[in-house]
Amino acid sequence: MDDHAFQTAGRADTGRAVAFSDAVFAIIITLLVLDLRPPDVEPGRLLSGLLQQWPTYLAYVTSYLYVGVVWTNHKATFKRIHWTDRGLHWANLGVLFTTALLPFPTAVISKTMSYGNLADERTAVGFYALIGALLCLSWLVFFHYLTRHRELVEKNVSERFFHDERKRAFTGVALYSLAGVLGSVTTPAVALAIFLLLPVFYGLTSEGLYELPILSHRLRSQ
Amino acid sequence: MDDHAFQTAGRADTGRAVAFSDAVFAIIITLLVLDLRPPDVEPGRLLSGLLQQWPTYLAYVTSYLYVGVVWTNHKATFKRIHWTDRGLHWANLGVLFTTALLPFPTAVISKTMSYGNLADERTAVGFYALIGALLCLSWLVFFHYLTRHRELVEKNVSERFFHDERKRAFTGVALYSLAGVLGSVTTPAVALAIFLLLPVFYGLTSEGLYELPILSHRLRSQ
Amino acid sequence: MDDHAFQTAGRADTGRAVAFSDAVFAIIITLLVLDLRPPDVEPGRLLSGLLQQWPTYLAYVTSYLYVGVVWTNHKATFKRIHWTDRGLHWANLGVLFTTALLPFPTAVISKTMSYGNLADERTAVGFYALIGALLCLSWLVFFHYLTRHRELVEKNVSERFFHDERKRAFTGVALYSLAGVLGSVTTPAVALAIFLLLPVFYGLTSEGLYELPILSHRLRSQ
Amino acid sequence: MDDHAFQTAGRADTGRAVAFSDAVFAIIITLLVLDLRPPDVEPGRLLSGLLQQWPTYLAYVTSYLYVGVVWTNHKATFKRIHWTDRGLHWANLGVLFTTALLPFPTAVISKTMSYGNLADERTAVGFYALIGALLCLSWLVFFHYLTRHRELVEKNVSERFFHDERKRAFTGVALYSLAGVLGSVTTPAVALAIFLLLPVFYGLTSEGLYELPILSHRLRSQ
C-alpha cells in the first residue's frame, strides 16, 4: 500500500477500533448485572434471601471497578495512538479478550468464599491469578508492539512513554504470578490482598507511571 | 501535562465517555427484555400464562422509562461539558453503576407485589429506596465535581447551573431516604407513590430546574 | 434557551440519539441468538435434537429480518432530521421500546405453532398483532411529532414527506388490528399472512412511499 | 432522489452502518462469556469442575478468534466503501446475521467432542460446515454487490479488488461444503482441520489476496 492509502486507512481505523472496544467494555461491565436477580425464597424471607446473595454483589462491584480501571487505561493509551494497523488490532483484541474473562474468575472466587473450603479457595485464587497475569500479559504485548512501531504513535508522546508502560504491565504479570503461587501454597488471603492492590495501582497510574507522586520526582530528575 | 496535551486529551475524551455511556445505557435499557419469554404452560393456557407474567411487564416498563429519564439527563449534562478528566470519568462510571442496578430492585418489587407479604413488601420498598438514593447520590457527586472544576464546563453555561443541579440531585437523595423509612415503617404504598413521582420530576427537569414553569419565574426574577 | 445554545445542543443531540439507537438495535437483533443452544439430547440424537428446535430458528430469522427493516427505516428517517429536542427523544425511545418487544411475541408464536392448540394459536396471533400495532403506533407518533416541528427537519425534505410517512405508519396500525381480530376470531393463518407481508411492505418503502413503482407515478403526477 | 440528496444520504450512511456493525460484532464476540460460569460442584471439587468445562473454553476461544477475523475483514472492506445504499445495507445485515450464528455450531461441536459419539460428531461437523458456508456466501453476495455498484466504492480502489475478494469468499463456500461432505461421510477430523485453516486464511488475507507473499508476486506481475 502506498503512503496515502496507509494514511486514509489508519485515520479511519483508530475510530473503529475505539468504538468497537468501547462497545465490548460496555458489555463486559454490565454483564454481571444479569446475575443480580430477585432471590427464589419463601414469602417472608426476602430480606435474608437478598443478604445471602452477597458474594454476587461483591463479584459485581469488584468486576465493575476493575473493568473501569481497564477502560480508563485503554482510553489513556489510545489517546496516544495516531494510526493503527492489523498487528495493533490483534493486540487490542487480546486485551479485550482477557478483560472479558475477568468476571469469570471473580465470580468463582466470590462463590468459593461463600462456603469456605481451603482446597477450593486455593484453586479459585490460583485461577484468578492466572487470568490476571494473562490480562497484564496482553497489555505487555500491546505496549511492546507500540515501542516497535513508533510510526503508529502520536508525535508529541515521548519515546520513553511506552517503554515505561511495558514495565507497568510487567509488574502485573510478576505480581499476579507471585500471588497465584503464594495463594495456592500458603493462605489465600495473601493473594486476595495483592488482587485488591493491583487494580488500585493501575487505576492511579492510568495516565502513566510518572503520575505517581513518589515516582514523578525521580523520573523527572533523570 | 502541558496545556496543549491537556486539550488534545480532553477533546477526544468527551466523545469516548459519551459513546461508552450510550452503550452501557443501551444494554441496561434492553436487559429486562431477556425476562420476557413465552410462559411454560400446558396447551390451551397460553393466555392466562401471559397475563400472569404482569409483574415482569411492569418491571420492564418502569425500568425502561427510568433509564430513559437517566439517559436524557445524561445527554443534557454532557452537552454542557467541554473537557473531561479522570475524576469526571470515575464520577460518570459511578452514575452508570447505579443506573445499571435499577432493574434489580425494580424486579424485586414487581415480584414481591405479585404474592403480597407485608414483610417482603417493606424489604423490597426499602431496597428500592436504597438504590434510588444511591443513584441520586452518584449524580450529586458528578454535579459537585463539575462545580469544583469549572475548567471542564462549556463557557456559555452559567455558574449557577450545576449548583442548581446539585439541589436537584440532593432532593432525590432526601426523598428516596424518606420513602425508604416511611415504606419500611408504615405502608409500602406511600413509598411507591414517591418512587413513581421522582422519575417524572427528573424527566420534566432534564434540562435543569428552570424548565419547571413554577420555578422558572422565581429563578429568572432573582 | 437562546438560538445559539439551541443549535449547539441540537447538533450534538442527533449524533447521540442515533448512536444510542444503533446500540439498542444491535442488542435487540442479536438477543435471540442467546436462544440458539446445543440441544440437551442423549448421545446419537443430536441431529433430531437440532431439527426439533426449528421454531427457535424461525423466530430468530423473522425477528432479525423485522428489526433489520426497522433499522433501515430508522436510518432513512434520521437522515432527514437536523435537530432533535426532548419530545423527539421520547418519541424515539417509544420506537425503540416497541421494537425491543418484537422478539417476545415472535417467540410466543413460534413456540405455539410447534405444538398446535387452536386457542393458544389465537392468543399468540392476537398478542403479536397487539405488539405490531403498538410498533406502528410509536412510528405514527414519531412522524406526527415531526410534521408539527418542521424546525427539526432537514431543509431539503419536502413538506409532504412526513405527512406520507404518517399514512405509512397508520396503515400498519390498521392492518395489525385487522389481523388481530381476524386471527383471533377465524383462522390464525390469515393473521400470519398479514404479519409476513407488513415487514416486506415497510422494507420496500423504507425511503418513503414514493419508492413503490405503483405509487410513485400517482404521487409525482399530483 | 437527486444527486445532492444521494450524497448527503450516503455520507451519513457509511458511519451508521459501521457503528451498527461494530455494536453487533461486540455483542457476538462477548456473547459466549455468558457461558463461562462457576461450575456447580460439591465443596473440594472446584478444580476438576473447572477443568471439565474445557469444551466451553474451547468454543469461546475459537468463536472469539473467528469473530475477530470477521471484524478485521469487515473493517478492511468498509475502508474501501464511500457510499452505501439500501442494497448494501441488506448485504451487510446478511454478513452480520451469519456471523452471529457462528457461536452456535461452535458450541455444538465443542459439546459433542466432550462425549464422543460418531454419529453426533458427523452431525456437528456437517452443521458447522453449513453455517461456515453460509457465512462465506453472505460475503460473496456482499462483494458481488460492490462489483456491480462501482459508484459506492472509494475512487482509489482498483477495479480488480472486489473481483478478487469474490474469489476469496467463493473459496470458503467451496471448502466448507467439501469439509461438510468429507466430515459427514469419512472422519470428522478432516473437517476440523479445514475449519481451523479457513479462519487463519481469512485472517492473513483480511486486506486482500495480494497480501499473501506467494500470491502477491503473481498478481503484481500480471
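Order of writing sets the chain letters: A, B, C and D. Residues in each chain are counted from 1.
Heads up, the rule we're going with is that a contact is a pair of C-beta atoms (placed from the backbone, for glycine too) under 8 Å apart; a residue touches a chain by one contact, two chains touch by 3 or more.
Please read these numbers as outputs of a predicted model, since none were measured by experiment.
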{"item": "Superposition of chain A upon chain D: rotation angle, C-alpha, nearest 5 degrees", "value": "90"}
{"item": "Interface residue overlap between copies chain C and chain D, same or different (over half shared)", "value": "different"}
{"item": "Mean-CA-position distance for chain B and chain A (Å)", "value": "27"}
{"item": "Gap in Å, rounded to a whole number, between the CA centres of chain C and chain A", "value": "38"}
{"item": "Chain A residues counted as touching two or more neighbouring chains", "value": "19, 23, 26-27, 34"}
{"item": "Residues of chain D touching chain A in the complex", "value": "18-19, 22-23, 25-27, 29-30, 33-34, 36-38, 43-47, 50, 64, 68, 71-72, 75, 79, 156, 206-207"}
{"item": "Partner chain D, residues of chain A touching it in the complex", "value": "1, 4-5, 8-9, 12-13, 16, 19-20, 23-24, 26-28, 31, 34, 86, 89-90, 93, 96-97, 100-101, 103-104, 107-108, 111-112, 115, 117, 119-120, 123-124, 127"}
